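Take a look at the structures listed below.
Next come two complexes built around chain A: one with chain B, the other with chain C.
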Partner chain A sequence: MAPWQGLTNNDTVDFDVTWGILEGALREIHAKNASKLSFEELYRNAYKLVLKKKGEELYNRVSGLEQELLRENVRSRVVQMVTSPLILGASGEQVGGQAHQRRADGERFLGVLKNAYKDHDICMKMITDVLMYMERTYCQDQRHPSIYAMAMALFRTQVLRSPATDQSDINVMAILESAILDMIAMERKNEIIDRPLIRACICMLEELYETFQEEESSKLYLTSFEPKFLESSRIFYHREGQDLVANADAGTFCRHARKRLREEDERCQQTLSTLTDQKIKSVVDKELIGAHIRDVINMEGTGVKHMLDNDRLEDLSNVFDLNSRVDPKKAALKDAVQKRIVSLGSEINNMSSGAVVPPPNNASEQAKKEEGEKDKNVNQQTASAIKWVDDVLTLKTKYDRIWEEAFKKDSNMEKALEYSFQEFINANQRSSEHLSLYLDEYLKKGAKGKTDLEVDANLDKGILLLQYIQDKDHFENYYKKHLSKRLLQRKSASMDIERQMISKMKMKVGNTFTQRLESMFKDMALSEDLTKQYKTHVAELGDPDTTRIDLEASILTTTMWPVDSMVRRNEDGSTKTACIYPPVVENARKRFEHFYLKKHSGRTLSWQPQLGSADIRATFTKPDGKTKRHELNVSTYAMVILLLFNDLPADQCLSYEEIQARTSIPENELCRNLQSLAVVPKTRILKKDPMSKEIKPGDKFYFNESFTSPYMKVKVGVVSNAGSKAENSDERRATKRKADEERGTTIEAAIVRIMKQRKHLPHQQLIAEVIQQLANRFQPDVNMIKQRIESLMEREYLERGPDPSKPSYTYLA
Partner chain B sequence: MTVRSTTDSTPAAGIDSASSSTSPMTTPSPFVTLISSDGFEFHVRRSAACVSGTIRRMLNTRSNFSESVTGVCHLENLNAMVLEKVVEYLYYNEKHKESRDVPDMEIPSELCLELLMAAEYLDT
Partner chain C sequence: MAPPTTEYLKDSFMKRLFEQGLFTDFTIRCQRHKWNVHKAIVCGRSGYFRRLCTSDFKVSRSSERQRDVQFDSELQEAAEATIEICDDNPDIVGRMLIYLYNPTYYASSADWDLYQECTNAGVFGEAKRRQALVIPNDESCTAKHLPDPLVVHAKLHGMSKKYDIPDLQHASCVRFVECVVQAIELDPTFTEYTCYAEDLLDAIDVVYGSKQDSDQILREATVYLARVFMKTIDEHMNNDGMKDLEKEFRDIVRSEKDFAWDMASIDFEKARFTCKYCHQDFIVTKKTSDPPECECAGRGLCGRCVPVSERSCSYCGLPGGCRLIEWENRPRK
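For the complex of A and B:
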């Protein structure tokens, strides 16, 4: 069969002639005279050549031609634009001033290079079209790279990698890169550069590859330019970071860092390539931010501490962002914030404890003289306790706001804040007492006149503080004490709010806490019912005795109420307080007791006169014959004392000893009550002889007929009695001791519970479990736990495990 | 093998000789002329003609070869008989571009060989 001749019409084809035509045409294309050419003719010629098996030679001739053209025309044009500053720049020497000159040179050079590339690109595309047949058949068969790829590679070797001048061996590529880097450096100093020009050159770099295999990673951009760019950026930012830290303040540093980040982002979008985006950002992060952020945060005078104090939310959120870029845990920022909170908190702690000088513990003779002073100090202490809570809450609100707005509710920061709050709150020994006093104040007075929402919010804040406090059982004791006083003296602003408080506590802190508190409430409710029942009972008895007294009784279950704080135990340990009541009162009392015991047999009632109060209607006869009536509200003891004077003729008196004998009131109570009745100016219902401020044995008391008061109802307060105040150091110690005892029993209960379940546990694990179980109430001391274990072993609840080297315990049933 | 055709997006517009004024880029007429070796002229719609890769590249307005300027292609290799069938095929292809299972076009057997070569030449 004849060789494949295709559509050649049997012309003999002479290679050189045909090639001549083609070569001429190619040159014309390069000279931009394509319109004079006929595509078809060229295509046909190439077609013929390929059919004649001259494909390979055609290919070689074409590449030879391209090479020649590139070398002669293009390169020379480009090299012309190379000036000495550019060469100096490329060789790495620092070129001083002449920024303008350099930029102008650089721009011209880039421009020429860009145009050359563009032209080359277009021409090659056209040539590829013409030689399409060859490509399709020859190149594919022989697996040669396409003409286009070959041409581009030639461009790379002939132009870019060729030496820029005859003397040096810096190639054009290097000059290009250094010019671009130079311009970027200028832009970083806020000069304007020609961005599109640079972009075009970068595109060129992106489109050229190192080898014929056009794989992504071997782009010239990535292999050659990008590393240099990253390196020069690193140096730049390194220096800039150092400058800024030395000269600028924290806020400026952060703002500047943000600006740079944005700038680099823009640069990647517009000038360079998005491939570099992540990498340059990480360079900035590392050099500018990472190296210096800690210093910035801790900067004197303008660092985070200053920002926190002055509520510079924007600066803080800048710092936060920057820190999170380099450190997801934001350790530096966290440290600074925590330190600040703890130091502020300690200040608050110091303020509250340092404000008051605790009174020295003197012998009892001076005790009464100093009662006045003590009272003042105690009052001050109460006030400062309340202030402490207020201060802490203010601090919390402030930092919450900062957390929300500047730290974007980051959970790491939240934990850090919580931790530091806990730290300083628990560093203060008296925090549970303070909190309870604060709530006491609030529940007594503060809730009036506020909307439900406000009240709710305030209670929530209180609960929040409670959650931070570690020694919750201490708090429970204080709260019980204060609550009992409130309930008994009817001082709460509203029972609803009290109940609200309890339910909140239950929700947040748990049941065990609120059980006893709730039963206190129940007792009060029961007592009200009981009193009503008693009244009906009495009415049913018929006998309308005008001298009958209205009795209101509150029955308190001993175990639930903080009895010890209210009641003084006698020597025999009983809680009954002796008091001889006047006959009318005694009758009423007996009747009630009878009534109650009938209802609940098997119980005993012990009357607590020191907690009660009485309303007396008193008639005062003036010297001019007029009578004035007043209603006096007095404590039970005072009532007993006053009734003594009922059967006394006007000018007779009772001496201190007599009163004591006839009422059996304990001495200190007696003194206090007599003071309030005879010494306190506004309520001088009794006249004292001598008129001194102290009550001494031998004093005589008369009923004061000339007592006057602008009010009808007069309340006789008892000196330094019932209000909930801060404890002095004695009381505090006593409370602590009691609390420790209680803790001991709780720990023992927990140990027994655990061991019963597990039967056998190693020592360390037992301790760990106990701590975990009790975490909600308080932080048990490891030594205490050990002591309790020992005591349990003595009492034969536990015994030591068999292996002496591994301490462990077994439960004994 | 990657074929870079001039119809792919090129950032630069077609270049023309630096000396002459740039020819105004008027919207090309919808019809082009294909001329066979024996001088027969076939007016075909541009869209149909461009089914053939070679003709498409020839008429590419960006490359500014003479054919694209004038809208006339001299196909010296093909005689009228062949070219006629080719044109028919171009229309057939364009008409049925979207549908599948298209029945083959009718081709007289004596033209087969030449049509085959034409197809190869014209990249279609």
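For the complex of A and C:
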């Protein structure tokens, strides 16, 4: 509503008289004598003036009065405090010697300015109260800035923006800013400054605006002070970063940078404004951290490599924090950590393969000695395999801890760690074998000096490594081999743990991977049942078995068990395993075969005596006529050999050739079994003539009646066939060949699966899909895939596409 | 008139606080009347008292006390802050204070009927008034008694503007308009109740007088009623009382220039609005039935009601749309 012009008469108010009262009161307020004045009276007078349409005049008079007071009283007080060091400081000249003086002057100057502003602020608030009616009607209707805003703007123009001295063009604002910046620079040099004083001045700048509209962005603090502060900080940190990189080590740099960040944070909280918080930090990030972090991480001797090697978790966490400030991907730190892990990993790889390198063989040495050394080597290899896994696990534990404690479980870093472990683990060709050996070590019975908890923990860790191995099919082969040995020779510490392992692997790697392992367990269980059925069957026959042979048969499904790898090749490369059983045993065998084939017609049983074992009871007659009985646990072959002596008079002997002829046990198996029976002191059930370590053709064997043992049960191990050994190079080659064959069929199967579904696919896409499908099991070789495709085309599963420039294939049903 | 009363407070806690003057910490004086009130309540609703009580100005105490001696000696002991309100009618000040203790403007729509009955039945007699402790038994108060609600609302309106009580400013404004509407409905010719005409003359004096500042709405409503009065002047020829009133009316038109100007210039076919949001004046002709619009209309804001479509008015705070707009839109006779 527009004010109504024209004055209505009745009780006229004399403007000058009323204004006189008000002016006096306002001056009193500025003189801090407000408590003498009556609010009611002043309000009433102002109200009357506005009511009489004198609002505009009143407004102008008040602003005139304020302007005069500011110019005459406040400004002169402030300007008095401006000294020459302050002016020099503001004009950008660096006067080193006067630092102390400048600081004292600055504090005095800030103090006066702060008080002047505070007084002005308080007075204006009171005056606003008095003139409230004018503000609510006149100012609102006319859209004038409020008296308070007007007075604050006057403070800006009349005091802050006024020249500091008569002759110079530097204004009070510039001096204020340079004084504050000066003090902040001092604080950065660890001097104590008057923070509340600066905070008060900053508050003043935050409350003042460039315009009457008082938009957030037009705060004097933001328009004037902040840019200058940021610029001076930029210069400071730029210089400091260079100094630090040149003179300090990496740990110190990071600690210092963090300290600076903390300081800036505190400064924004306590001295300046929280508005600047992000901005100043980004300056520090950019100038101090971003510009140097890569240099610091790679710093010779003290960088991340040094920290990792010496477990400097605190330093590492500093580096991590700083790096993540400037780069969310933390590329620099990631690179450094990855480099270090891969180099440590290759060291571990080299150490283990270094141990494997056989000592230089002298060609003139005897073949048998070579053999013995080979065995020793194999044992060493097992140990080194376990050491390799242990080393890798130690490394992993160490880096897991670093990741957890220093890298705050960052997912980026986790990926980097995983990637680098994968890289060096797969760089070792034998990692699958090593891992399987390691697991075997812990799953085997009689893991010495290891508590259950330890075993559990170690197995879990082993499983962890499994994730990193790319050629999982290789691992499966090895594991199967070791598992079958454990199962058949009953060496597993506990079936429960075995099953747990399988289910753990299932979780980590997937269903298809453990299918065959599971079926091995199933076979074992089925066999147990079958043996029981067989026993009742025999009992029902009513034919009392005089020989009292308890036959326990394990029926293994050929495709699921690694039968091939369980058979040691003879020297001629054949895999003949059969032997001539003694009649009693042969009877039992035949009876079982009959029983089994009746149950499952159409199956073939092939006996694997090298995998079996037998409990036999032997009677030893001492020279004094006393007899002693022992229960001997021997391999099937050893059983066959020993039974030969049953029919032999006590003083007679059998020669090596005789034994071979009567049993037809393959030569290498025979040698080993005779060795274990006649050479190993603790289980010397046969005497050998001549007495030597090696078994040679022409050796004679006697039954050793004087055999003694403190135990009732004696276990006769088969030399160098017990336990899992690392493969020697021949075996490894064979395994590799086999694995490649298996891969070939797996790849073919995958190709056919894909093509069956898609019918038609371009070459590149087919290869990509095959790789993707098999990634879980192994990294297929592209050449191998190509070979398999060729082979499938030969067999007319696939057909080449018509366009040779774009190779593609079509599935032929 | 509807005399100031605490009746409507029922037996509320607020009523007891006010009437019994328990725990008061502030005294308001006006001429020879005084009210003991609570700062918490008074400052809560009035910007003026809030500023008064929080500023560093002198709180009148000693000088007032000496004057108290003859008037009320008990008060001397109380170390309460005191304010002397000059220039204002104690009757209106009393009503304002009642309003401050009251959740709503006492002149709710039912009050009009109640007022009708009360004036006849004399429910609010002198005795009742004294009992209410609001207006002391004093000659200066009863001498110039206010028989007309228009004047009371207008004065309360001015008072609320002076003492910065926005609630009261709106409420009194709405009530004023309502009274105008009601007066026209009850007696469009001013022949039955001459008191309406007297009321109108007094209202013109107050609304256009120099003692207070009134909102445009009050002026428009006054002018509207005055026009109705002018049109019916012929019908009063036989009525002596009315003749005097008519003469008085002419005098007022001659002396109050603002009023005369408004009488001549306000075109009720065209309503002028000032947008609360953008502060721009805009004119709406009554011929278009659309709700008034300004540049802010896009944001759903009109001059007085924000937004129009909503059922309660954010200007007058009344549910069911703004009565001011309703009034302005009603068919003219």
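We take it that the second predicted complex is superposed on the first by the 610 of 813 C-alpha atoms of A that agree within 3 Å, B and C clash if a C-alpha of one lies under 4 Å from a C-alpha of the other, contacts with A are read in each partner's own complex, and residues count from 1 in each chain.
The rule is short, and it goes like this: a residue touches a chain if its C-beta (ideal position, glycine included) is under 8 Å from a C-beta of that chain, and two chains touch if they have at least 3 such contacts.
Since this is a predicted model, take the numbers as computed values, not measurements.
By the touch criterion stated above, A:146 is placed in contact with chain B alone, chain C being left untouched.
Within the superposed three-chain model, A:52 lies in touch with chain C and out of touch with chain B [touch as defined at top]. Contacts of A:129 after superposition: both chain B and chain C are touched.
Applying the stated contact rule after C-alpha superposition, one finds that A:119 touches chain B and leaves chain C untouched.
In the superposed pair of complexes, A:31 makes contact with chain B only, with no contact to chain C. In the superposed model, A:43 makes contact with both chain B and chain C. Contacts of A:617 after superposition on the shared chain: neither chain B nor chain C is touched. Taken together, the two structures place residues 6-9, 34-40, 43-44, 47, 126, 129, 132-133, 136 of chain A in contact with chain B in one case and with chain C in the other. Against chain C, in their complex, chain A makes its touches with residues 1, 4, 6-11, 34-40, 42-44, 47, 50-52, 126, 129, 132-133, 136-137, 143. For chain B in complex with chain A, the touching residues are 1-6, 10-12, 14-18, 23, 37, 53-54, 57-58, 60, 63-69, 73-78, 114, 117-118, 120-121, 123. Within the complex formed with chain A, the residues of chain C that make contact are 47-48, 51-52, 55-58, 60, 83-87, 161-162, 164, 208-213, 215-216, 256-258, 274, 279.
Remark: chain A residues 6-9, 31-41, 43-44, 47, 118-119, 121-122, 125-126, 128-129, 132-133, 135-136, 139-140, 146, 148-149, 203 touch chain B in the complex.
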